[in-house]
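Next come two complexes, and both contain chain A; in the first it sits with chain B, in the second with chain C.
So, the complex of A and B:
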């Protein structure tokens, strides 16, 4: 005993002296220093960009005082309060995420349905693909014995687009007769009302679902005169209404739970900003002169900095990223499920699967410009999809992020406990049933989070887009899959080489802010998805 | 119910099953007489379970010289055993002795391990389990399994019990089937008001009974249990043991356990596996625990090793 103590603490006389912690303390301060440095560097960059993008140097000091009093102070107070009441913070995070997701979804819907595809094409494919799928889903939920439903999905997915293309002419005529707002009312607002009725009435049991659905339809119709006066098109109004319906449900849910306090944060910030603008306008204090404003996101690029806008590039980027999301999710989940659940582990085939696994990890580190070269060679030239078109860009960017998404999907599948697979196989489930009913539902949140984060990387990529010949400047948004497009980072890049001070320090910064807003929105959606599923499964 | 009938015929000496009227069959006296000779003479005075300890029940699972290899390691060494219907058969032995391997070879769960290889014969009733014509998925639908750690799916209680029925497409009157299974697993009274809640919120013992309910929902003929109570506290263990006793009325139960007292309490027959995957002794439970033939088994049971 005595020798043991002596050996552990050679200097101590009683054996209870101090044990050296110098290395531990040093390591702790090094890690702290590293993280502070990282955050500070990022903070300086963001402050610089935001300073330029919002033209903050134009504002008088008094304006800052008003801003601090009306917006910053209440926001800081709320954050301080939310720290002490976690439920409040959770509520406001949920509200902000749904709101951001709704706004981004609204922009995405407007970009894809209204600007690119057009309501008539949407109507045609909605009738032949979307409507049958939804019908099958509802029928499958009501009648659990209908085993043919799964086959029905497959048939619809294969045959629907073909039928839609064949019937495009007649269906377009019908859609033209209905008119765009009516098409959206029938195909989107009414189904949303049905979904709201189910969520409010049955799923969350908040109250009468019928009233909620009727309320949504009433808002849709009653909002029409208002948006007409403001000058927003009726279609855009309906699309945004649909995208923002979940936010309304979230507000209702938290209000019903008596968690009003959580709603105060987001409302307070928006209200504070509005109050700041109103007060400074009334008193006549010079505020900031932002480059990033409504004109910037709704007009085409221009030679003069004051008239320059990012609209075509925003639409192009959003369109590309929507396609990338679809392609990546399908391919990545397929590859990950095969590699984790189906691929043999022994023999020649097992060695081949191992080779694929290793190389997917290697591909994740390949420079993006190489993917650009691949996209130019394979998609643009060999497959003849066209140089700089939306579809070429979508495929190239999908290839770029596929390895990352496959790895995150594989990790999500690996994290499903093996005991659950054993339980399923022990019940006499086939491999497909086990994958479909046990593994995929468990792995989906992790996969979705990984995918959204990877999409954030894809939307900011520039090098592969240069390689496949995406236009640096486009004056109109893309009109279809095979139309040439521009993208936000490309436009920002080309503006940065303009000699004018206004471009260098205003327009470029505003472009960066636009990109960052889209990115942060996507990341907050990823957080929302993860939180939501984690709460459901634990 | 037609399968219940066959099952009772196979074990026609099971006086209790017939006495409780669980079966629609009547005992054939002529076959019954000479089988009764084998019955434990002291059975009348003992507890209900002990009357079940008849020697003569038809074998449901029969192994002849069964060996299982993982790669080059032999996990099971020429095991020959006959497991009777509607009885509780316990497998005991020290860790790594092959008892779980034997259990997993009965419902071909070892197929999921790529390096596992099986030699010898293993019959379920009259079917060769490892014949090419036997689909392991179909086999597992008739031989259910309960695992060491409770492993309910992170779904609702209802969905857990309904899982097996749904994957088999037997969805008529799902509610009734779920209720019946939960009642059989002695869980209905505790969960009937929260069937929609997630199963992971139940206590460990409740989760394990839920797993048993999930296994019996599809009405298998044999239930394999791999140390079902080893992760549970004594109260939950006692509930599981009572449940196993009841299950033996209508199912053949094969249970692997580390706990010798548990084997003595609940099983009708006991198989002792010792190191190297060797089945050393297999007999009536009383015989194994009171007067084993092998010295090694006696040493193991009296705690000299293992």
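So, the complex of A and C:
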């Protein structure tokens, strides 16, 4: 900057030049200060809340030294190293995000399948909806000329749930005979093993896919005695195994490429934490007394701060967000495809499409509490879906984030080059075939990134949930679409009005940290999807 | 027939046409959801509001200076809530507008590519933190911090910390849109000014900012609209005390006391009157409609400003 000022003032050290140079420097520092102000303020507040949530007050000074030496120092060293070797940083980002996604997915699977639906109901709908869909997908990949596959999807999506509901009784009996772990083994672990076989053997060509699949199944079965001893249920073990299978593939892929260094960082941090705990336990140094711990995420809320937990709220939030993800993805992609690929530019239909576009950008600016009023008036009361039920919450939050997701899906579709479309039409493809085979595969990563970021917004929304009467405190997780639920931000909101110090600086802080960890995970998954997409297009 | 079959290369057109129109209709239905949402919002807000205005006169709603839905005699004057909303919005604007503008200037004029690549995602994080978390920050950390300053006497709930924290939250709204419009200012304008002997400071303040003033103004209005509609920060940190200042000193001390905004009133009524059938329940929608109209107007003005006063290069 100084050089610019010098150039602009050839007079050099004249009084005028000096004054204007000082003024320029001051202004630059002022703008820099402003840029950092908000970030620094948020950083300080986050430091406070993490300090409270992990109860770092209670730790002895020696503990900090051990923690710094065994965890922080290696982590900082690794980050410093990764900055100079971008490939290493990329590998660790990939590993960390897939691992976090796996853990989050595991919790999601346990919440939706085990806690809410139950293995029997899952088995029924798996047989009538999920299995036919997967079968159709695989058949469509194998036989590219089968034009009826698309209609098959629609038919299955419409008829499958009906058939599943009709046959619920007999299928539940079958599932009860199999038992929950066997149901998950058949419906999830075996398909995952087949997928792993395909990915490892054919897609990435890492090695023999049969061995990989057999290895996964062997781990699933051989792990059973271990988890029995530890006290984890077999179903939970299998669900987490399925959710973490992609992480295993990522580790294998990077190891096969000789990128061991990138794996070192995440492993080092986890190992360092374990070492810190082990060393301090052994020597008898008082560590922190975290509010945010296993007990906190697995028990129900309580009036006693020490016993309070977030479990029902976490399950409720996960359930609602899974539904919101499905609804918004389908509707937003449909709307974006219509606006970008189908909508005419002239005539009545063109005018309507323009109206929709203007309308979407205005909807994005409507306060969230107004969406809550919409949910209360239309879904809860008019459509009679019930006050504070899972389905009301899911519809309301879906409408809330729909404009954002539609905008990002439209941008993703716009970025697909027109030459691809024209080539497709030139080959005699119809509009739908072009959309399905050319536009959507190209636009999907961008849409997914936007969707995940918007879901992050949905998971933290509180005001609309208050308006539709979501339970302020629930002691058991929701059992179905029409049961009343709680949600993480709701619980944080309610607890924040408790005057007691233990709640204000302990329980709520832990709730905030839970919420932020979930958000951070979702954002890092979004970044991963975007990076992967950018690498593939360049 | 056989001759025509041999010409038609795409096979079974009849079934295909049916399929194409099914998908066309399905996509159209998805797009129509957004219009239905708008209609739903308007209908859901207007129907109870009309009923409400049958019970409480329009003038006592719009001009009433008392909002006491729980204390007899009940009164539903919206003015105290509008005042609370404007007070908190003003506080947030005092933080976000200058800081956001300076941030945009730094990002577009001073920052290197690498600094931008680090700063921009971090600024976006400010807008991504759930608002209930910001409310908690304001209540538990910011209020005691401000209270410790000598000469500042804050209540547990107060407008000051809520509006400060809200200001931090809307910084990225101002900075990202302003920066977009500053980056759109062509370099030829900057070079022209340098050629006339202007300094970097002169270029930033006298060329770039005036040239991008429409975008800056649009971002300001949008940020205000966001602040008006913000709910959880004020519900958690600003309290539930609807007040309308009677005098100028009262106005000045308002920041240090508990205040209720329109959004906070909606939440308060929502927590107590959700069962329906009461005047309070319908007041909920009347206040919601007022809020909706205010934010919609601001958004439309922002769009209009951005387009009407945009400089063409």
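By our rule, the second predicted complex is superposed on the first by the 507 of 538 C-alpha atoms of A that agree within 3 Å, B and C clash if a C-alpha of one lies under 4 Å from a C-alpha of the other, contacts with A are read in each partner's own complex, and residues count from 1 in each chain.
Here is the rule we use: a contact is a pair of C-beta atoms (placed from the backbone, for glycine too) under 8 Å apart; a residue touches a chain by one contact, two chains touch by 3 or more.
From a predicted model like this one, the values you see are computed outputs, not experimental measurements.
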Side-by-side fit of chain B and chain C on chain A, or clash: fit
First, second, both or neither for A:508, with chain B first and chain C second: second
First (chain B), second (chain C), both or neither touched by A:65: neither
Contacts of A:428 with chain B and chain C, given as first, second, both or neither: both
Touching partner for A:23 - first (chain B), second (chain C), both, neither: second
First (chain B), second (chain C), both or neither touched by A:151: second
In the superposition, chain B vs chain C on chain A residues touched: C
Which superposed partner A:442 touches (first chain B, second chain C, both, neither): first
Once both complexes are placed on the shared chain, angle at chain A toward chain B and chain C, C-alpha, multiple of 10 degrees: 90
First (chain B), second (chain C), both or neither touched by A:346: first
Which of chain B and chain C A:283 touches, first, second, both or neither: neither
Distance in angstrom between the closest Cα atoms of chain C and chain B, superposition on A: 5
Common interface residues of chain A - those touching chain B in one complex and chain C in the other: 147, 428, 430
Touch list for chain B against partner chain A, complex: 107, 109, 112, 114-115, 137-142, 144-145, 147, 149, 151-154, 163-164, 166-169, 171-172, 174, 198, 200, 211, 214-215, 218
Chain A partner contacts - residues on chain C that touch it in the complex: 9-12, 15-16, 19-20, 22-24, 26-35, 37-38, 40-41, 43-45, 47-48, 98-100, 102-103, 105-107, 109-111, 119, 122-123, 125-126, 128-133, 135-137, 139-142, 168, 171-172, 175, 194, 197-201, 204-205, 222, 225-226, 228-232, 235-236, 263, 266-267, 270-271, 274, 276, 284-285, 288, 291-292, 295-296, 299-300, 303
Chain C partner contacts - residues on chain A that touch it in the complex: 1, 4-5, 7-9, 20-21, 23-24, 27-28, 30-35, 37-39, 41-42, 45, 48-49, 147, 150-151, 154, 330-335, 337-339, 341-343, 353, 355-356, 359-363, 365-374, 376-378, 381-382, 387, 399, 402-403, 406, 428, 430-432, 435, 453, 456-457, 459-463, 466-467, 469, 472, 489, 492-493, 496-497, 504-505, 508, 512, 515-516, 519, 523
Complex contact set, residues of chain A against chain B: 144-145, 147, 344-346, 350, 417, 419-420, 422-430, 433, 437-438, 442, 537-538
